[in-house]
């Protein structure tokens, strides 16, 4: 296999195209803000952003004008409240962006179908709710054995998915522990995959514990090594979630002006994640304490 | 949660009923021969045995007269050749047992649907083959989005599934590494689950590395601690596969008489797995060598 | 455990205690953040030490050593029993009927227990755009029973919600059984003045117990439909000193959730 | 690497070497046991050090340090790159088109490359009951291309197989594209006397290369349909000394697979 390590700027320039359907997943855990910031810096546009929880990361990308459409299931600031940039775009008629809305299960099903190369995924869901009434892509399918009517959602095949991992080798074999979200499904569903890792490790580290591998290098287009690349999200065993930042964002995003100031300083005002960390040395307080698991025997 | 540890005899007596659909899974790895032997000893009958690879374990159960039906996808002796007891039952007209045959993907799909409580599972398979022509449970479903015709198999919901694991706590939280097969899907699909573990560990060992947990105690009915319970199959990190036994089985199973002698000596001739190991001290040569993985940091 | 009643308690504390008491020991509970999380931890610390807490983020059997600000907090993973992928959480746990109790809340709940967490006003021209379903829709459909925890307020308890995100006992003209919903729906709505339960025949939420000091009039003036009242009305044990002390000193010392 | 031809080699060695040479460096290969496994390991040891070997058992990027007697051998896990569940193997890898090369064999192959591993005789009254599909059916349908490795023999190469377990270029009256099969099918059938390839138009297997010393007559007398022969016929480089030495001394020293 060939060495796929590049820097974030190269990865985004070569693999993210205007108009792409882009996925940066990670459920609370391992959300790759570093990739989002570089996409904003490079002025990518007309993206369709898909993600269960748009979270601050897509609030920032929406505010920066990168997107024409959002596919999602929960658009809030977890534990805090609203996503204000998102709300400014949808609390008006007509909306300033397209939206396509599911529940979490529906989004998980869309990624699962995409990863399995199936055109749809069946689920027993949505009866008695107003969700399908506002989304024509939630249809029904009849079970050929029981005759039951089930909900069905179409497979989602992103052009590009960014997977943040704790560690990866230079070929893209990526290992994750802690919350797994739908990162594996999103990666296998995607035409192209960028792995962003906290730490570059030798292939032998991966081979030392193969059950930890989330995605194999064979489906990966590029590897970016970006310590602290998920801040203000977190990486189990590397650094804690910056809950203060999530609270602060509620104020930052409340007006277009304060949000723009944030982007000017922390996104456009730095060249890369390294500089982002340099101007915020206080973030090092989030470094994880050690709670190391014990090894298991892979011998025979 | 309550302590669910019982011995194999109690677990089988209370949880396996005549006429049940029974699954003992494990793909080459972690096949629970100890449970099969106890089921044979207790004279259970009219079972429907489901498993991707019937392997020696179901060859023995078929020979012992426990089953009325077999649901499977590959009935051979891996790396060796035929399952002779199986062949004696099906190479005649009419067959002496019912069979229901899929490919591996079809069986995986049946367990996946069962675990997800779906009545069917779609797959792009079986076109141009004679498999569906001999199995009316392979049907088709039409995608509501693209109009494509896909294959569909029905969900499989066993009455009882035996999951062999490297280690478990007394509540049934079970951890597995190495090959995972379809054990998780089979367990979640099943009405009742017996976990058989090589080693009883404290709950704290499970909590020390939660990403290794294959199935949670909340779906487990009983826990049996049975070292060497998978022999002649293997348990990664505990003992190697007894490849010699697989080769030898080809001779043992070739006639009803020699197979009966085997069962008389190694199944009916012992009370439990402990005695089975005592009369074969040479098996200790299979004990695994150490190749311990490194821990990861779960701190934050 | 002390059974002496607490000298004082806030409405949030009262609601949390009522919710905790609905959780039997050993139950498998799908936990949301905020008061439900506190209620589960309170139950674990008192009568239900073996409660199995599952989060839609994938943490199973979590024992967080801090108050988790989000359902994906790292403290939910460290020391948990299992990490499941979200595909497993929704398919193998929820859709498969393995979740006994689910917690729900929302901006609006109506007389059939339908919940709205999507939009106030119309979907295409929202007055307030809320976050949306998340996992709430499927929790409402699949959990064997759900508990709703919400403060009374006329805008939050309309006769009909603006958008049904999570179906209650009757929605879009059909009952749960007519829709073929596997779960039991909202068996209790725990408010700050009373407990409501669905009428077994009509599915309408009716007052089943009043808190000490509350009156039916207090409740009715905060609810957008004509309330039925069960007879005899159930009683509610106020929080005891142990429960209040645990909430204040151990489970939410920084008052993140209990105001 | 030595390119001196080997002084002697067996038909199995010749087949294994031909199969190995079909594997480009870096390819993702779905490996079966026996000769295909040896062929992959030989390719890894010679021109394709970065071959990614995937087994239906779930081992990805295996580097076994012994000859694995089964596709679920523990040696395939120790030191591998990833363990995938079988659900992932079949859905995310195979059905998702991520497998470039699949190896197949069988008791019978017919003129369209259809393979039978299910039954000789009729399904309901078998002369010989074979193991069945395992993953072969879906490997044949989904792998970007498949390689078949089988020794010539009149019973093994009938005009029509008794049961189609794994579809070839044309089955049950339709071509692969008419069936909508995603994979490319059997691009090469590697026998002990020749290599066959499907005719691009008709899908019939025809002789594309003869091994040194073999004749069309040798081949035809072992095959149950009238063989077409490509013109010009391709040539086949016999095994070189390095390849034979590797097979005999390192990869299969106990002659488990190579007879």
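Chains: A, B, C and D, in written order; residue numbering restarts at 1 for each.
The working rule: a contact is a pair of C-beta atoms (placed from the backbone, for glycine too) under 8 Å apart; a residue touches a chain by one contact, two chains touch by 3 or more.
Remember, it's a predicted structure, so these values are computed and weren't measured experimentally.
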| item | value |
| --- | --- |
| Furthest chain, CA centroid comparison against subunit C | D |
| Of B-C and A-C, pair with higher C-beta contact tally | A-C |
| Whole-Å gap separating subunit B and subunit D, where each centre is the average of the chain's CA atoms | 29 |
| Whole-Å gap between the CA centroids of subunit C and subunit D | 58 |
| Euclidean distance of C-alpha centroids - subunit B vs subunit C, Å | 40 |
| Residues within subunit C bordering two or more other chains | 59, 74, 77-78, 83, 91, 95, 182 |
| Multi-chain contact residues (two or more partners), subunit B | 117-118, 123-124, 148, 177-178, 180, 184-185, 208, 211, 234, 236, 240-241, 291, 298-300 |
| Chain pairs that touch, as defined at the top of this document | A-B, A-C, A-D, B-C, B-D |
| Subunit A-touching residues of subunit C, taken from the complex the two chains share | 33, 56-59, 69-74, 77-78, 83-87, 90-91, 94-95, 118, 123-138, 141-142, 163-167, 171-172, 174, 176, 179-182 |
| Partner subunit C, residues of subunit A touching it in the complex | 27-29, 52-53, 72-76, 78-79, 82-83, 86-87, 90-93, 95, 101-105, 108-109, 112, 123-131, 134, 148, 177-182, 184-185, 234, 236, 240-241, 243, 246, 291 |
| Residue ranges of subunit B in contact with subunit A within the complex | 117-120, 122-124, 137, 139-146, 148, 150, 152, 154, 166, 177-178, 180, 205, 208-209, 211-212, 234, 236-241, 288-300 |
| Residue numbers on subunit C that touch subunit B, as the complex places them | 26, 28, 50, 52, 59-61, 63, 74-75, 77-83, 88, 91-92, 95-98, 182 |
| Subunit D contact footprint on subunit A (complex, rising order) | 1-2, 115-118, 173, 184-185, 188, 203, 206-208, 210-211, 213, 215-219, 298-300 |
